[in-house]
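What follows is subunit A paired twice: with subunit B in the first complex and subunit C in the second.
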Partner chain A sequence: MKVYHQTGFRDKWNIESFRNGVGNGLIFSPINIDADKLFAMDVKLKQSGFLDPQLYLLNEAKGTIDTYPYFPGNLKPDFTTPDLDNSHIQLAQLCVDYQMKNDFHYLIIPSRYYADNPTTYFAQSTDYFVIPFCDYVKENKIQKKVLLSVIVKTIMLSDEVKRNEVLNWITGHQNIDGVYLIFENNFASKQIKDFDYLLNTLKFIKVLKDNQMEVHLGYTNTEALLYSIAMPDSVTVGSYENLRSFGIKRFQDLEKSQMRPPNARLYSAQLLQWIDYEYIQAMKSLMPDYANYFDESEFRPLMFTPEFKWHFAKPEPYKHYFYVFDKQIKKLSPTQEGRIDELKGSIKNALSLFKKIENNILLDDDSDGSHLPTWFNVINAFQKELTK
Partner chain B sequence: MHLAEHPKVGTVVIKKGAIKSFTSLERIKREVELLSELESDFYPKQHHFNIDVKTKEFEIVEDYIEGKVLREVMGQFKTPKEIFTLFNFLVKGLSVIWDKNIVHRDLKPENIIIRPNGMPCIIDLGIARFLDLESLTKTISPMGPCTPIYAAPEQLANNKNLIDPRTDFFDLGIIALELYLGVHPYDPAYVGNNFSIVENIMQNKYIVESGTVKRDNTIVEFANKTLQIQPYDRYRNYQMLTAFIAKQI
Partner chain C sequence: MFETEQEMSLMFEKFLKMNFGNTYLKECQGLFGVPDFVFYAKQKQEISIISFELKLKNWKKAAKQAFRYKSFSNISYVVLASGSSKAALSNIELFQKYNIGLAKFDNDSFFEILYKPEIGTPYSEELNQKLVNTISSSRKKSKNIEALV
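Right, the complex of A and B next:
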């Protein structure tokens, strides 16, 4: 299973980590990098990754997305859905051409975002994106693999009719090799603790794998470990939370809105959780062996020095996460059965470590292990599904 | 429909019929256009097509295919190996239209002619859904065009958005089981209920063994994969279908 860097703001941290051998490639983000700058980038960085075209909102010129030739506003000012009737072929050609010029590993078919998908969503997506893309790829005898990007809304997991609709739609495209799946995350907690959601996600991935499709999961957080038991082809690591949890706000120009800076956190592969630095400070003073709860990396010594100022703008906690999580994923068993056993063992181990910590320090539910019993139960339920 | 001697191509079939509506005319025209484009021994060659606007009748002249319809020679395809060998050719033939984004939508033993050399020829593309063209089936129709007892659930529910090659895979699943068992697998007399065949199709109730015919694992595996209610639970494409069939022969 591969690990891609979901890049965004401060993508240089991802690029530096990738250059140091962390992860298998980069997913590039048009709202964060100018099209010409990306074009000029070392092709080796691009050949192992892909571009997320980010055509989620047709008319939103967030960041640098309007520097991309396929940005609809460059075809026509105030581009709206009806304009797709006349422009979808041109848009597809420009989007494929740009991706080909950059020599990315995969070609990505974009998808649109709606707060509530219209009833014609899938038919429209087929007509406006899938068919013109696949036709252009075929006409030009392009050999690269094609992935369809799909935003999976919570209702598509919880509602059987919607789930069947999206799965039949995805698997009905004969000319694609796989999917770049993005699960929309509307949860208030930092970890997903919803049993049904997680189990349905695993089942969703499994259906696509049973259809022999490549499944690449975007915007994943630590639950990527859980998703690994459905045997996807890749998961992602991202620095800030908006790169580990998909929300459309990231693509909207919300200049006037107040952004709250995140608290610095450190990921622990043993605890299967991100721990707020304030708790790390508490652990430091109350638990002599506190450092053992965190994994070794070239960044750890610096972070645990008294002079280190924890701040979300510091690269070390994020680079540490990229390194540790990539290693954790790479260590997973190649077999489904092996992964299930390993993960169950890791969860039990993490829960016992949390018990030790909470003998000294009380953690809030965004830093504790309260997601882990759900994970464990989800794994058991999924295991039962596999034997059906 | 009757046979005639064509001065250049020999025996031909002349199909005549009434044009009931614009929809049926369009459908017939599509069949003819497709068949005239196909250069494949798996389909009859089309020679002539005419519409008489005054009498509202159409006339098609196509090659006569020597042989017997599969319904008449089902006994020749009883063992799993015989069935999968036939299906290997059938899928090869069908892949010609699937590659053109066309779904047959009416596969049944009556629409497959077995030539004297054992090769199948697929006929009656009249209700094929041409996915690239505007759908001809009225959305309000309770059921899409099909032969109901050989139709996939999405056809019976007239769920047009779901019609794709996987719909034909379902039909092939029924034919495979029928060849193996000698009876229709959804027939309530064998399923043991009081529903109709169509109701059993919609409820996914079918048999895999009957009387002296015991279950065969490869046939069961094929049936269980092709006869799923949801298309996403079937083979995704004909390459996957072909790969399975090739392993059995």
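Right, the complex of A and C next:
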């Protein structure tokens, strides 16, 4: 299973880590990198990754997306959905050409985002994106693999009819090799603790794998470990929280909105959790062996010096996470059975470590192990599904 | 019975002022969590910081919040509306284990400490210093701090 860097703001941290051998490739983000700058980038960085075209909101000119030739506003000012009727072929050509010029590993078919998908959503997506993209790829005898990007809304997981509709739609396309799946995350907690959501996600991935599709999961956080038991082809690591959890806000031009900066957190592979730095300070005061709960990396010595000023915008905690999580994923068994056993063992171990920590520290719901019993139960339920 | 936490907060503020002086910060931001009140007492060069988390109910959530405040405070209290303090009292061992204070407060301004924690060193020198810097120029005087410590 591969690990891609979901890049965004401060993509240089991802690029530096990737150059140092962390991860298998980069997913590039047009709202964060100018099209010419990306074009000029070392092709070796691009050949193993891909571009997320980010046409989610069609004509929202967030960040640098309007520097891309396929950005609808560059075809016609005030481009709206009805304009796709006349421009979808041109848009597809420009989008494929740009991706080809950069020599990415995969070609990505974009996807629209709606708060509530219209009833014509799949038909529209087929007509405006899938068909013109696949036709152009075929006409030009392009050999690269094609991935369809799909935003999976919660309702598409929880409602069986909607789930089957989207799965039928995805698997009904003959000319695509796989999917770049993005699970929309509307949860208030930092970890996903919803049993049904997680189990349905695993089932969703399994159906696609059973249909011989490549499945690449975008915007994943720690739950990527759980998703690994459905045998996807790749998961992602990201720095800031909005790169580890998909929300449409990231693509909206909300310049005036005030955001409260998050507290710095450190990922622990043993705890399967990100721990708020202030709790690490408390651990330091109350637990002499506190450092043992955190993994080794080249960044750890600096982060654990008293002079280190913790801040959410510092690179070290993220680079540490990229390194540790990539290693954790790469260590997973190649077999499904093996992964299930390993993950169950890791969860049990993490829960016992949390018990030790909670003898001294009263952790809040975003730093504790409260997601882990749910994970364990989800694994058991998924195991039952596998034997059906 | 308080109708809202805001009502409880207003009454508690009056109570603090009257009994302990106006050496406090209300809903102080930029720390670890947002305590309802941060009370401070200066004695010679030393500044003692006591945080309060007020809640109408949900003692466990309040305890988790109060624990966070120990990052910058010497003492941290959960103050529950009298009606809901019973559940917390039956879990007093959690407050003892984590050295978090527990008190009840009612709309007659009756304040009773149910568990007085030991004074401790804040876990984060940086956050504590941030508060101390804010407070150090204040000339306000506290009183009766021994009742809380």
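The rule is simple: the second predicted complex is superposed on the first by the 388 of 388 C-alpha atoms of A that agree within 3 Å, B and C clash if a C-alpha of one lies under 4 Å from a C-alpha of the other, contacts with A are read in each partner's own complex, and residues count from 1 in each chain.
One rule holds in what follows: a residue touches a chain if its C-beta (ideal position, glycine included) is under 8 Å from a C-beta of that chain, and two chains touch if they have at least 3 such contacts.
What you are looking at is a predicted structure, and each value in this text was computed from that prediction instead of being measured.
Touch criterion met: A:N263 reaches subunit C, while subunit B stays clear of it. When the two structures are aligned on the shared chain, A:L386 is found in touch with neither subunit B nor subunit C.
In the superposition on chain A, A:S285 makes contact with subunit C only, while subunit B stays out of contact range.
Using the contact criterion defined above for the overlaid structures, shared-chain residue A:L362 touches subunit C, although it does not reach subunit B.
In the superposition on chain A, A:L302 makes contact with neither subunit B nor subunit C.
In the superposition on chain A, A:N164 contacts subunit B only, with no contact to subunit C. By the touch criterion defined above, A:V43 reaches neither subunit B nor subunit C. Once the two complexes are overlaid on the shared chain, A:L254 sits clear of subunit B and of subunit C alike. Counting contacts by the rule stated earlier, no residue of subunit A appears in both its interface with subunit B and its interface with subunit C.
Every residue of subunit A that touches subunit B in the complex is listed here, in rising order: 122-123, 164, 167-172, 174, 207, 210-213. The touching residues of subunit C, counted against subunit A in their complex, run 32, 63-65, 67-68, 70-71, 94, 97-98, 100, 121, 123-124, 126-127.
On the subunit B side of its complex with subunit A, the touching residues are 98, 161-162, 164-166, 230-233, 236-237, 240. Listing the residues of subunit A that touch subunit C in their complex gives 263, 276, 278, 281-282, 284-286, 309, 359, 361-365.
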